[in-house]
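Before I ask anything, let me first share the structure, which is written out below as structure tokens.
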Amino acid sequence: MTASDLVALSPLILLSATALVVMLSIAIRRHHGASATLALLGLAASFASLRWAASVTPRQVTGLLLIDGYTLFYWGVLLALAAAVVLLAYSYLEHQTGHQEEFYCLMLLATAGGLVLVASSHMASLFLGFEILSVSLYALIAYLHLQRLPLEAGVKYLVLAATSSAFLLFGMALLYSETGSMQLATLARFYMGAPNAALGAAGWAGTVLMLTGIGFKLAVVPFHLWTPDVYQGAPLPTTALVATISKGSVFALLLRWFHPAGSLAGTPVWWAFVIMAAASMLAGNLLALRQNNVKRLLAYSSIAHMGYLMVAFVAAGPLAVQAATYYLLAYVITILGAFGIMSVLCSGEEECCELEDYRGLFWQRPVLAAMFSAMLLSLAGIPLTAGFLGKFYVMAAGASSALWLLLFVLVASSTIGLYYYLRVLVVLFSSLPEDHVKVMLPRGRVPAGAGFSLAVLVILLFVFGLYPAPLWDLIRGISAGIG
Amino acid sequence: MFLLGLAGLLTRRNLIFTLMCVEVMLNASGLAFVAAGSRWGQVDGQVMFLFIVAMAAAEVSVGLAMVLQFHREHPTLDSDAGDEMRG
Amino acid sequence: MLNLLWLAPALPLTSAVLLAIFGSRWPRKLVSLAGVGSIGLAAVASMLVAWSFLTAPPPGNAFVLPLWTWMAAGSFRPEFGLYLDPVSLLMLLVVTFVGFLIHLYSTEYMRGDEGYARFFAYMNLFVASMLLLVLGSNLLVLYMGWEGVGLCSYLLIGFWYRDAANVRAANKAFLVTRIGDTAFAIGLFLLFTQLGTLDIQQLMQRAQSQWPAGSTLAIAAAALLLGGAVGKSAQLPLQTWLPDAMAGPTPTSALIHAATMVTAGVYLIARTHVLFTLAPEVQLVVAVIGAATLLMAACSALVQRDIKRVLAYSTISQIGYMFLALGLGAWSAAMFHFMTHAFFKALLFLAAGAVIQSLHHEQDMFRMGGLRRELPVAFWSFVIGGSALAGLPLLTAGFFSKDLILWQSWAGLNGSIWFWLCGMLGALLTSLYTYRLVFLVFYGTAKSHVSERPGLAIKLPLAVLCVLSIFAGYLDTPPHFGGVPRLSNFLNSTLPALEEVHVGPVITEVTTALTASLVFLAGFSLAYLLYYRRRVEQPAESALARFWAAGWGFDTLYSWIFVRPFVWLAEVNRRDIVDSLYTALASLTQASNGLLQRTETGHVRWYASGLAIGSAVFLGLVWWMR
Amino acid sequence: MILLWLIAILILAGVLAAVAGRFNAAAPRVISLAALVLDLALCLGLWGRGLSSASRWSEELSWTWVPQLGIHFHLALDGLGLVLILLTMFLGIMAVLASWNGIQRSPGFFHFNVMWVLAGVTGVFLAVDLFLFYFFWELMLVPMYFLIAIWGYQRRIYAAVKFFLFTQISSLLMLIAMIVLVILHQRTAGFYSFDLQDLLATPLAPDMEMLLALGFLAAFAVKLPAFPFHTWLPDAHAEAPTAGSVILAGLLLKTGAFGMLRFVLPLFPHAVQRLAPLMMTLAVLGILYGAILAFAQNDLKRMVAYTSVSHMGFVLLGIFALNPIALQGVVVQMVSHGISTGALFVLAGALNERLHSRELRDMGGLWETMPMLSGVGLFFVMASAGMPGLGDFVGEFMVLLGTYQATPVLSALAALGMITGACYALRLAQKTFLGPNVHHSDFPDARWNERAIAVPMMVCLLWIGLYPQPLLNMIRPAIDNMPRQAVTARR
């Protein structure tokens, strides 16, 4: 462990330190604002140190972590997302009874877990990152433990995530026994069918079991069943966290180690991915079709979006990695924005997630409603928004690998998807009945922090949707090594 | 052992049993790691086992706390009682 | 002077536009001035043109006035131009002059109507369209006029729009003629595609040089044009609209549905006679249609109660004569009969209008009677017009024109005794129904009170038309009677003269004329016996009479064959069957949503089994594919 | 640069209208009208300057947008585009005038949407980069969706969603086809490009060409709409507010035809030849089917909507007749259908404003009290029925004439559309203006804005009907630029 290694790890270290500091500060004196500020400062410091870390990359830190441009890019994304979540959580938690401060500590830990996951190059670090993330999420989901729904969601997530960890571990064990190495790079070599490195039955079985664990985190069909319940039950900032940081980091990992050069193409595991992609797109969108709870609706839509992402994933070639990365970025921005707006609107004790609560929002809060519409349109993949370009790149990736079936499923299912986004839009813009007095959506001011983060998200949404060239260059740069 | 845990998970409704079954599955994986490590003559498997045990402990502590709270809300430990959210 | 030609259609058109825009705000006098004056000026312009044409015939006896290129797309560049030759000159004169008289008549006839300006706008527009039809140098321009007169006919039949029956009649007229028009349009496509132009003269030249006689293309082209002609001229099988068209104001019936528009089909065939010559089969069909129509319509005319419907069927029948003539190649005879018919039929309609107006819009002949003394002008008009229609020998115009057709129906190249017999039978019926009408309306006891008597604006046109109905016949008297066929000679530069082949000792023009005179007498005597002496007071009620009165059941037939299936189809499919396909798709997705929603039970054990089952499936997949 | 301004003015005016609408209810319509008039003036200026004879495009603008994929912000104008943007601005003005008084709810947002739809449509007519085209293609959907869903009639939500879904699924198919085309081009040429000009040279295997052509056609056939993809149209047209219907019928449908002319014919000349019989058959079916359904409707707006199906059948027929006469007829038909049907929708809107009903049974005898409106209505009904001397006739006639040269039988069948067309036109006139005034309706005749709409539209139709040459001259070079393989000129 050299000094350069430490420099490379500095964002992770700073982040973990912040989590500790926040915890200590709570021990000294409880203050919501202070904890949030500390968390933000820590995230900012960690983000700033990315530049510093960039000066010594790429670098393999011990056998466990690989810090390169790809890692740093995702770290940056995760840190920025975490910062946005902090801002949104602050305004949300202000209205909640009970302790608020620990949320930041747990959240930072979850983010740290995500960072580890992205950087991991070894089964052990993979597992550690996975678990740091999971365990923090258990607590975060059930954070409002005095309410029934979060608790129920927490228990469900706990049981299922632990089970999926068991699957993951068992799979890793099988692979280890087959290959004799826990280095993910070695594994990738096996997949690539390097000489003298063919996988036996146990190896493939292990791969499938690992996929179960990873698929659970990504919530792809058939490992998706938990998603709506957890999304619905968890407090909104946690939901945002699950939807963005958890999925983002796991997908980054998947993309790096399982994608190499489309090596999986044609193998049974590749087919498994194809089936997952198609089933996720269809089932996710179909499930959301008549959903009246917006959180559940977004949960189902997230299943579908993971399906779209999988299309890019199963495609071969550099375009695929870039498309997947772009899509992921667009998606997390959008979904974070959507949950952010919901959390700003639902500033009461009770969350307002029923579709009816949003009726006529446009005529009351035009700016927020317009932002929400933009997010929905981005999810639906309509031009001007990042979501459109994301879908465009995914289609390009799919088309360049001639994945016709998946593309047609994509077309059909995103049309189904459009239907329920439009349903929400219709409600947003529909007229209010005369006697309908809105209690749920007070005409309060949007808190500055949350407002700021929302504004940034919306701007990013349009910037990435309209002028993707610089971002595309960046993605091309960092993904040069992969795929 | 893994399958045993899985079977228990799927059949038992009591949350405590559910948690125990998960533990069984985790331990099964740990054992598998140790066995694999011994196959290749490496210590890595045993290291992983340690990680697993530590993580299982963390998990169970959070899990039990939640189950407790759950029991307070629902006067049962039946996991199927928690089905307020569905559809 | 010939360059003034464009004024003829332009003046009425301008007036129509002005009346349509400002008419409702103008005083009635100004409206009359614009409406009648524009036609009057057009008539004057036509006469100047005619004078110049006759005194100094242009080279080739034809004059072209190009205006502009309508549209140019590649080789398709129809000229918007006017073409004047003896045939169109004759039509021009008749249309403007008769049109002027009818407009003048209308100033009195329509004076109490709230849609006075609207009426004149439509009428002027009609005259403009009709002149375009007549003068168009290009089939496309002709077609534009063709549709334009159809539109005006529709507007004028439905002029009294408050009565739904009138609107229905208007719709019927428009639709039935539209069927013919469509055939016409397809004919245009064919002609252009094959011959590369729509200019009438070039077209005829190219057809002559490129198509052998009896070639399929010529037959097809001629048949399609015939379709258009049949529709517009109310011949079998598209004759059903004309009797209903009598719902329009009487001047309209006189101008459009008697004198001018309905003869457009005759004009079209005469204009494109080269094609018909190249397609002898089709030409024969024209003759057969004419013969059949003239008999059928004459029978129907015999049993009508409505004075205007009698005249309408009579019009159909007379146009049948013209078609018969065309079908036999007696082009100029057809045009001659067109001219005389325009005069005497306009006269009859206008006189009928005078009667109708005097009797508070009573049209049932069986409620009239004894009007001879009350309405002497109308009476004499009817006597003169009717005699011309029935063909009172030697005195009236109708005799000469009909006689020419009858004679040529036998003597011509395609002629035969059957056509001749049909014509004679038709003449008998014509004479019978004409005098039936005269006796029913003007003799016997008065049954209605005459409320007003026609004024000068009505009397004057009647008088002029009476004169024309008598003397127009002398334009073309048979040489055998020592006359000179001036009109036929004049038209011969455009329409070739008929070769008279079937001439024998018995078959002479003199015998034909004598037979025709006898037939006329027979018809007159029969009418005299039945409707004057015996004074039949009730219309015939036999099944045959009812069948004839209903126009030989064509309406019912078409209703069952075309109208009802179409309406049924429309009604059945109002909700658009194709849409149910998409609705089914939508329901399918909804159903699968319901199905999938059941998987979200909320039970954690089921969710865990999802993990297990998923892994098992993928393990199986790997196992199976390995 | 002027091309960018054409779009930018509309976009900015939309934003301005939305902002101004918060302070003053009358401001948005004035702003929109001013912007459209300005744009129309610019277009007229472009027209006055004449088409460039030297180059393919008389006006062009190209900026790099996403260099990694060879995407350019590439706008270009030729005669075809010019004709259609003239129509866009013209109908835009009419749409704004038609909704001058009718919009109570949030006029700012309403005009924002109108302006953005028009901006999208303008963009579609100008884009020659496939990606940019798709971008604008989708851009016009969302505001249109809002126009229907917010300001529409009773079943507006259903209609709006249906419209959006139909369009979306078909456009995604087109997007895939575009991407595949670009990738195939990249494989042969070595670089990515979405530029139409680059892609024209892509060598394609026959089957692949067919598939790609079908992908493009999917989007355009739905938008046109061709039978049997037309069922979104009656709902959308009938439920949209007047301005929305005018823009839908007048412009959005034209983008489908435009897409075929601009992209499908040049890009896939061989596939087009193979597809022609099928598409022409569909077109004829559409003509007759639309007309019969129009005849059956009891709702005035639905009736007019189905007439569009019928008329667009002529357009489709003409496109796939694949000869210059038919193609020029297609453009004339597009323009005149836009005007005549747009006018009929304005009329339906005007009647609805007075009667608060679109049902034919609530009408009848309107001539008695509204002679001017009825007379004008009859004029447009007759235009729609293809009366010579009015614009639709010229288009229809040229289309049928061109089609006859390709396939006489289909042309003859399509000509039956003239009869069925007369059926619905007469029924429309009969049930609304004519007949007895049984409901004793007594409403004010045409208002100033209705007159201001009717007069220019009538003048335009007459002008196209009697002297369409300026129009044809504008279109001609674009038609001549069609590849020889696709368009065969006989003789």
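Should a chain be cited, it is by its letter among A, B, C and D, assigned in written order, with residues numbered from 1 in that chain.
Throughout what follows, a contact is a pair of C-beta atoms (placed from the backbone, for glycine too) under 8 Å apart; a residue touches a chain by one contact, two chains touch by 3 or more.
Model, not experiment: these values are computed from the prediction.
If I rank C-D and A-C by number of C-beta contact pairs, which comes first?
C-D
Whole-Å distance, chain C centre to chain D centre, using C-alpha means?
38
Taking each chain's centre as the mean of its CA atoms, how far is chain B from chain D in angstrom?
A distance of 63 Å separates the two centres.
With chain centres defined as C-alpha means, what is the inter-centre distance between chain A and chain C in Å?
It comes to 78 Å between the two C-alpha centres.
Where the centres are mean C-alpha positions, what is the separation of chain A from chain B, in Å?
Distance between chain centres, rounded to whole Å: 25 Å.
Give the residues of chain C that touch two or more other chains, as numbers and ranges in rising order.
Counting only residues that touch two or more other chains, chain C contributes 597, 600, 602, 604, 608.
Can you tell me which residues of chain B touch two or more of the remaining chains?
In chain B, residues 6, 9, 18, 79, 82, 84-87 touch at least two other chains, as defined above.
Which chain A residues reach two or more other chains?
Touching at least two other chains: 155-156, 159, 163, 167, 228-229.
For this entry, which pairs of chains touch?
Inter-chain contacts occur between A-B, A-C, A-D, B-C, C-D.
Can you name the residues of chain B that touch chain A in the complex?
Those residues of chain B that touch chain A are 2, 5-6, 9, 15, 18-19, 22, 25-26, 28-30, 32-33, 35-37, 39-40, 42, 44-45, 47-48, 51-52, 55, 58-59, 62-63, 66-67, 69-70, 73, 79, 82, 84-87.
Under the stated contact criterion, what part of chain A meets chain D in this complex?
Contacts found on chain A: 363, 377, 382-384, 388, 392, 395-396, 399-400, 407, 410-412, 414-415, 418-419, 422-423, 425-426, 429-431, 467-469, 472-473, 476.
Which of the residues in chain A end up touching chain B in this complex?
Those residues of chain A that touch chain B are 123-124, 127-128, 131, 134-135, 138-139, 142, 145, 148-149, 151-156, 158-159, 162-163, 165-167, 169-170, 172-174, 176-177, 180, 182, 228-229, 232-233, 291, 296.
Residue numbers of chain C touching chain D in their complex, please.
20, 24, 68-76, 80, 118, 140, 143-144, 147-148, 151, 154, 158, 161-164, 167-168, 170-171, 174-175, 178-179, 181-182, 185-186, 188-190, 192-193, 196, 566, 569-571, 573-574, 576, 578-579, 581-582
Residues of chain A touching chain C in their complex?
It is residues 155-156, 159-160, 163-164, 167, 201, 204-205, 207-209, 211-212, 215-216, 221-226, 228-229, 268-269, 271-272, 275, 283, 286-287, 289-290, 416 of chain A that touch chain C.
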